[in-house]
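Each of the two complexes below includes chain A, the first together with chain B, the second together with chain C.
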Partner chain A sequence: MFEWLSEERAFIAAFLVIALIISFGVSLTIGLKQSILRANDEVFGDPDRTKGGWYWSVCGASALLLIWFYFSWEVGRAYFPKAANEICQVAKIEESISPINAAMPIGSRYYKSTDLIIRNTAQLDSLEAALPVDLFSAQEASQLLSVINQTRQIIAAFSNPDSQDPQSQKAIANLAAEFDFLSEDVLAGYDGYEPTPEALLQPKWGITEVEIPLLPLTPRGVLFDNISLKAKSLADTFLKLRSKSAEADRLIAKTKAEIKTLKEANSQAQGSETYVKKREAYVKAVERIFKRVDDGTIFPPEALAPLYISVQNFTASVDDVKGGLGFIDSVFLPGNGIIKSRTQCTEQGPGRWLPKPTDVVATFTRLANPDVASGGGYKGTTLLWWKWLEISDVVDFFVPDSVIDMLPGSYGTHSADGTFEPTFKDNLLRLAKGKISLGAIPMLDGHIWDSLFRVLVAMGAGILFGVPLGIYMGVSRFFKSFFDPLIELYRPVPPLAWAPLILTIFGIQDDGKIFLLFMVAFAIMVISARTGASGTQLSKIRASHSLGATNQQILRYVILPNALPEILTGIRIAIGVCWGTLVAAEMLAGTTGVGFIENVARTVSDYELIWVTILIMGILGLLFDIMMRWVIQKTIPWRGKG
Partner chain B sequence: MKTKYLSMIAAAATAVMGLGSHAQAADSVNVAFFLEWATPNQIAKVEKAYDDAMGVDVNWTNFSTGVGMTEAMLAGDIDISYSQGLAPFVTAIQQGAPLKMVGIAVVYEANDCFVKNGLGIDSSNASELEGKTAAVPLNTMADFAFRKQMAALNVDISTMTIVDQAPADGAVSLADGSVDMACIFGGASAKAAGEVGTAIMTSQQKKDAGIGSFDVISVTEKFATENPELLRTFLEVTEESNAAWKATDAQIAKVSADAGMDIPTTKNQMAGFIFPTAAEQIAEYFGNDGIAGSASESLGLVFKKSNVSNLTGSLTKTIDGSYLQ
Partner chain C sequence: MTDLTCTNLSMTFTNPQTGAAVEALKDINFTLKQGELLSVLGPSGCGKTTLLNMIAGFVNPTAGTISLGDTAIEGPGVERGMVFQQGALFEWLPVAKNVDFGLRMKKQDEKEAVALVEKWLDIVGLQGFGDTPTYQLSGGMQQRVALARCLVNDPDVILMDEPLGALDALTREKMQSLVLELWKETGKTIMIITHSVEEALLLGERLFVMAPRPGRIHKEYRLPFAEQGLKQSLRDIKQDSKFSEIREEILTMIWNMEEEIMGGV
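Our next item is the complex of A and B:
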């Protein structure tokens, strides 16, 4: 059943999008109506004004989800399930002609030849200026200068349309004509093209690791695919195209000979090693630029003009046949669109780093599958499940073996007949070591539980130690002055700064991670309890004192309830920060946990997994907060009404 | 009327989106490299030999992970990654990143796994590692080396507790005894782990078992198509600086200063490095059935995700030795 849902995720998304739009519209209407209705009844600033209003929650959640659906390309995939495949075929054409585009002012601002000339001339100028006259004899120096000058002349010869060989002109014209034919092929349309059976068997968009099916699925796609193959061979021809010029050939031969003599002079040069090396380096630098211009990659702009026009026409005709695809591409697939890399077509922009909601759900279901053997869970651990926990293991954990050592009596030894009869103390040791079965209790298990356990234990300890200390700091001079410097010194330090210490003090087990989280929770709880306690109205304390309350009673019945709002707000903040620190804590030594999943997912840039962990942490945080709000409502309903 | 507006919006959107991706002639080239990873071409880097030969500004940015390099290349901030690990390169390709391997930067011994001294475990009784705890930086070359070595020693890793730890943390945990084995990359961390542990396999054993690793030079496909001549020159200068490498004191001093390590560590690290020439790379790595292809495929199998479809053979398509010629 999950497979079927997974296959049809585009279809499901289409439904969800409509449902979201409807719920957004309806809740917005209700909200606006309610606002108008109540506008005159309520006083601005009255906390009661924030009560209720579920419709605004629905409205906000719908808007957020719609934005997610849109920017992750889910809307595009839902309503145009074959668009990506067709755009992929267009991307194939773009990939094919990209070497030509790069050489023309299509993919860049200048002709490639112009760029090469600017760059190489600048290098020649700086080489000429830096000619080390002390390294070379006068004759060699003049020869070097002539090589540099001739290289410039070669550039000039290649740039001059008059000195171009008619043959290379003709080759360019031929290529341009080929592109014109190709444009006609494109404009002829895609009637009669059919996708191959093999193409139709491909998994749908986004179902597997290969995001977008590569083979064309539509007649139009088949046309583009065919065109891209032809364009590729044209581009190959273009790459082999060389500028030819008799004048340049003459200069090249001459310069080559001169460089050869210079190199020979170098090989016979006498002197220190650095001297010879410097000479060689300079000649090499000159030769490098000569070699860059001698292979005929510089064309006069006039020579390339016909090809430039044909390629532009070709691109325009592809755009023509693309029709509505361009619109879908720019509106429904926001970002950098789809590009064809060597092995596959990939989504770029938000399509890449913001996974689609249904894909995230699919990944989550895969992880949530408790059957680890059949590919569920992550790295051999379930996401959230239960297991039988042996009570003996708990005993083993809590009772140190050395306690048994301290008991009276002695451990048994083996007897003469080679058997071993355990004594009472032996049995106790087995119990402490968790070797005696005491039955089992069901216990939660999995990555989420491990993270939750760490956060809960840390929070519990933080509240247990932080709240009393905070309250005493609020009422006692000793506690305030004694602990203030300590708390204030460590509180501003970010938890990550403690991390390296934690690892070496506590090791890799849970205790270190819990301690790190505890430190975060503890500081927040102390501060909030202290603020709450010291903020108690003096008149209330005086009143209870004059009514005969003892110190304990004042603390229990006046100060604690008054500090409760701050303490509960502190808990809400602390839980949020604990979840935030969890990823760092689980990075220290990761074996399980939500933060561990995220850390590993990051190393392979698995954005779907990263978003799953983000959402898990977000939802758990939200659940906590909802719980805390309920607690606040039950315990301090009087807040703000005193 | 409505459609007209829509198409205007679409055109405007396309124009805005197009601005970012508009290809421009490279007047500067951005190269990623690792600190604490000493290579001869750092001399060329410091002496601006790359800038002079390529005729453009070459900006070097240091990274701490190969994944970071991939992400920067995808964001368009980096054109060439020098010495990216094979593991991040292969995982990037598996995610469909438009990257290409164009050269081999460094060939080095596979990363070591250090067993805590005092456990009495070496390669002869390695099966005793079963049931023990190992710190491994997951999805890195050290992870790959760990799996290869355990396979060579017939250790069943499913019985081991594997803790995901960065090399520096792994070394600390090994020293504290909270893990029994730590697999490490990087000079400083390996040195620290070597203080308290012993490598499970010697260099010779690793060589005999055919376990080695290499770092690659990877580029974005866009840069390779648009500026092949700059890429060629980059590889040429790298080749020249490798050829000029004689490990003299002056050279090592320059490299160690740039790599951010002291001279003995640099010397030590570079002793284990081989910098293959272009000819060797073409012959051994980039030919048909070359090492580059086969190593990538075998690494791809180790790190593939559970829901990955059959990508066999696709990795070799992204390996291109033609720029070395």
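Our next item is the complex of A and C:
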């Protein structure tokens, strides 16, 4: 069942998108009609104007989901399942001819030669201006200037079409002609092309980690794929092509010799180390620029023009054959299209970091599968499941061994015949160490439970210690003044600022995180219990005094119930803050938990997993809050009615 | 006999910031015999609440003594019940649990407690409301719960600080009759503070008109209307010519005091 759903996610998405469009349209119509009908029911600003309106909720949710479907490219994938594969083949052509494009003003403003000349001339000028005359003898200085000048002349020689070797002109013309043939091949169409069986066996788009199938699945794609191979070999030829000029060759030989003499003079130079180093550095800088221009990568613009035209024609004919593909690319695959890099075709833009809704669901089902052995769960732990928990492990966790040390009696010693008979106390120690089997109880398990467990334990401890302290701080001058500085000092520190310290002290296991969360919960519980306690109406306190209640009774029967609304609100806030802190703490350290999953997903750029964890956290946070609101409503119906 | 006696009672509040002292009460002397019903009138700020709080034991006087019978008052106690202007009910408890609060605090036998609560809810006219949350009651019903809660403890003295102040006129009149009935049936000493001159006249067997700066008893009356009210309708008593005469006299008195205060500002 899941297999089928997973395989057919494009089809399912196509169906869902239509359903969403219909629900959007219908709810919008209902909404507009209702708005007109009820326009005069209430005056503007009346809170009743915000009541009801489920149709707008449906409308909003549909719109949001549609936006998600659209920007994650799911609409594109649903209705044009092969488009991305074809665009991938086009991307292969683009990748192939990219070295040629880089040399031409295609996708950039200048010829590469122009760029080279501008940059190197500027650097030559500044080198000339900065010539350190004090480092070099007059003769050396003039030699350096001549090298600089000759480098300029080399540039000029390469740029001059008149001094170009006819050989190199011819090579360029040949290459241009090859591209013209290639254009004809493209325009000849893709009749008779068939995808290879191997290509047809590829997994569908989105089913595995490789986002878009690489091998062509359509005749048109096969054509593009073939063309890309040919274009690649043409591009290789182009890369080997060099500008040739006798004039330049002569200058290059001469300059090389001069640089050599300068370097030799350097190697014999006397003087301090910095002096020699500076001389060497300057000569090296000059040589570096010379080397950049001596390899024949500068062409006269006229020389490249024919190739430029042919490549443009070639690109145009590819666009021609692409046809509607370009439209699909720009409308249904919003973002920067598809890029072929090395071994894969990747989506660029939102399609990359915004996973498709069905992919998210698929990832979630994979995570939620409790069968770890067959690929469920994450990193060997289920998402949320159950297991048998040994009671002895719980005893081991909660009963410190030192408690047994404090009990009366003594531990046994071995006897004369070399045996050891454990005493009662020895057995107690074994119990405390969790060595005595006490049976097992079913217990929740998994990443989500680990996160929940940390929050729940910390909240429990926070309430257990925080509420009594808070209440006493609300009624006693000593408690208030004694503990106030402590709590007010540590509370404003953002919890995560404590994290590095606490994780160092307690280690990265549960203890550290629980303690961190406990600190958060404790402060909030103290403050809220205190506010609740000190907010008790004086008349109620006085009435209970007159009714004969003792101080303890007043605490228990008047102040505590009075503080209950504040305490419950405090719990609600504390759970929220704990939840936020926990996830961040799990990202810092640990091997389980929702935050841990997200952290690993982050390091491997698994955007689907990141979104799944984000959704899990959001939903759990929401559930916590709904639960607390329900508890508050059930337990303190009198709230705000005193 | 458990008479309430105040001797040379004074109370001075000192503002901790400015050090300015307010003589809320000065040299108050009076004795309230057991079973007397005293109403206290006076302009705002003349120290009525302060006086009541001292008798209840919530604040200690700066000078003078209060005693109930032979014992000096040094703090709150069950023998002095208190009814506040706004019920001061425990909103998290239903009516019955509010009423039996005092009994539960002294761990009275549960069966007796239930019977007592029944009895008092009956008397104040709230039979059948035992399980209702107090926040669902009207203002008048809430005050009746407060009365029952106080009476169930069987105090010697009942202290009321504007108990009917927040009620509408009709409910108020009903409650006034209830107070008179309770007074007659239980024979308790009652001290009631009010802002309404009519109420003070109707309820007060004795009546203190207090004056401010320093707070003191300006004039004392002994009135027949409370006794009459037990037999006659309160509305008829209000038509009585003697009633209106005293009412006018007191109104003028308080009016003049207020004038003085306003002029002083």
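The working rule: the second predicted complex is superposed on the first by the 441 of 642 C-alpha atoms of A that agree within 3 Å, B and C clash if a C-alpha of one lies under 4 Å from a C-alpha of the other, contacts with A are read in each partner's own complex, and residues count from 1 in each chain.
Convention: a residue touches a chain if its C-beta (ideal position, glycine included) is under 8 Å from a C-beta of that chain, and two chains touch if they have at least 3 such contacts.
Everything numeric here is computed off the predicted structure, so don't read it as measured data.
K.L.:
If you stack the two complexes on chain A, which partner ends up touching A:Glu211: first (chain B), second (chain C), both, or neither?
P.N.:
The first partner, chain B, only.
K.L.:
According to the stated criteria, A:Ser35 is in contact with first (chain B), second (chain C), both, or neither; which is it?
P.N.:
neither
K.L.:
If we overlay the two complexes on their shared chain A, which of chain B and chain C does A:Ser544 touch? Say first, second, both or neither.
P.N.:
Touch partner of A:Ser544: chain C, not chain B.
K.L.:
Per the contact definition in the header, classify A:Gln123: touching chain B only (first), chain C only (second), both, or neither.
P.N.:
First partner only.
K.L.:
Quick check on the superposed pair: does A:Ser233 touch chain B, chain C, both, or neither? Answer first, second, both or neither.
P.N.:
Neither chain B nor chain C is touched by A:Ser233.
K.L.:
Thinking of the overlay built on chain A, is A:Pro561 touched by chain B (first), by chain C (second), by both, or by neither?
P.N.:
second
K.L.:
State whether chain B or chain C is in contact with more residues of chain A in the superposed arrangement.
P.N.:
B
K.L.:
Contacts for A:Pro637 in the overlay, against chain B (first) and chain C (second): which applies, first, second, both or neither?
P.N.:
second
K.L.:
What residues on chain A does chain C touch that chain B touches too?
P.N.:
The overlap between the chain B and chain C interfaces on chain A is empty, containing no residue.
K.L.:
Mind listing the chain B positions that touch chain A in their complex?
P.N.:
6-7, 9-10, 13-14, 17, 20-21, 23-25, 52-53, 55-56, 65, 67, 70-71, 74, 88, 91-100, 133, 135, 138-140, 158, 161-166, 169, 172-173, 175-176, 178-179, 221-222, 225-227, 229, 233, 236, 303, 305-309, 311, 314-315, 317-318
K.L.:
In the complex, go through chain C and note every residue touching chain A.
P.N.:
Its residues touching chain A are 53, 56-58, 75-78, 80-82, 84, 86, 88, 90-93, 101-102, 104-106, 133-135, 146, 149-150, 153, 155.
K.L.:
Mind listing the chain A positions that touch chain B in their complex?
P.N.:
Counting only chain A, the residues touching chain B are 98-99, 101-102, 107-110, 112, 115-116, 119-120, 122-123, 203, 208-211, 285, 288, 292, 297, 326-327, 329-331, 334-337, 339-346, 352, 366, 375, 380, 500, 503-504, 507-509, 587-591, 596, 599-600, 602-606.
K.L.:
Considering the complex alone, what residue numbers of chain A touch chain C?
P.N.:
Result: residues 537, 539-540, 542-550, 553, 557-558, 561-562, 564, 636-638, 641-642 of chain A touch chain C.
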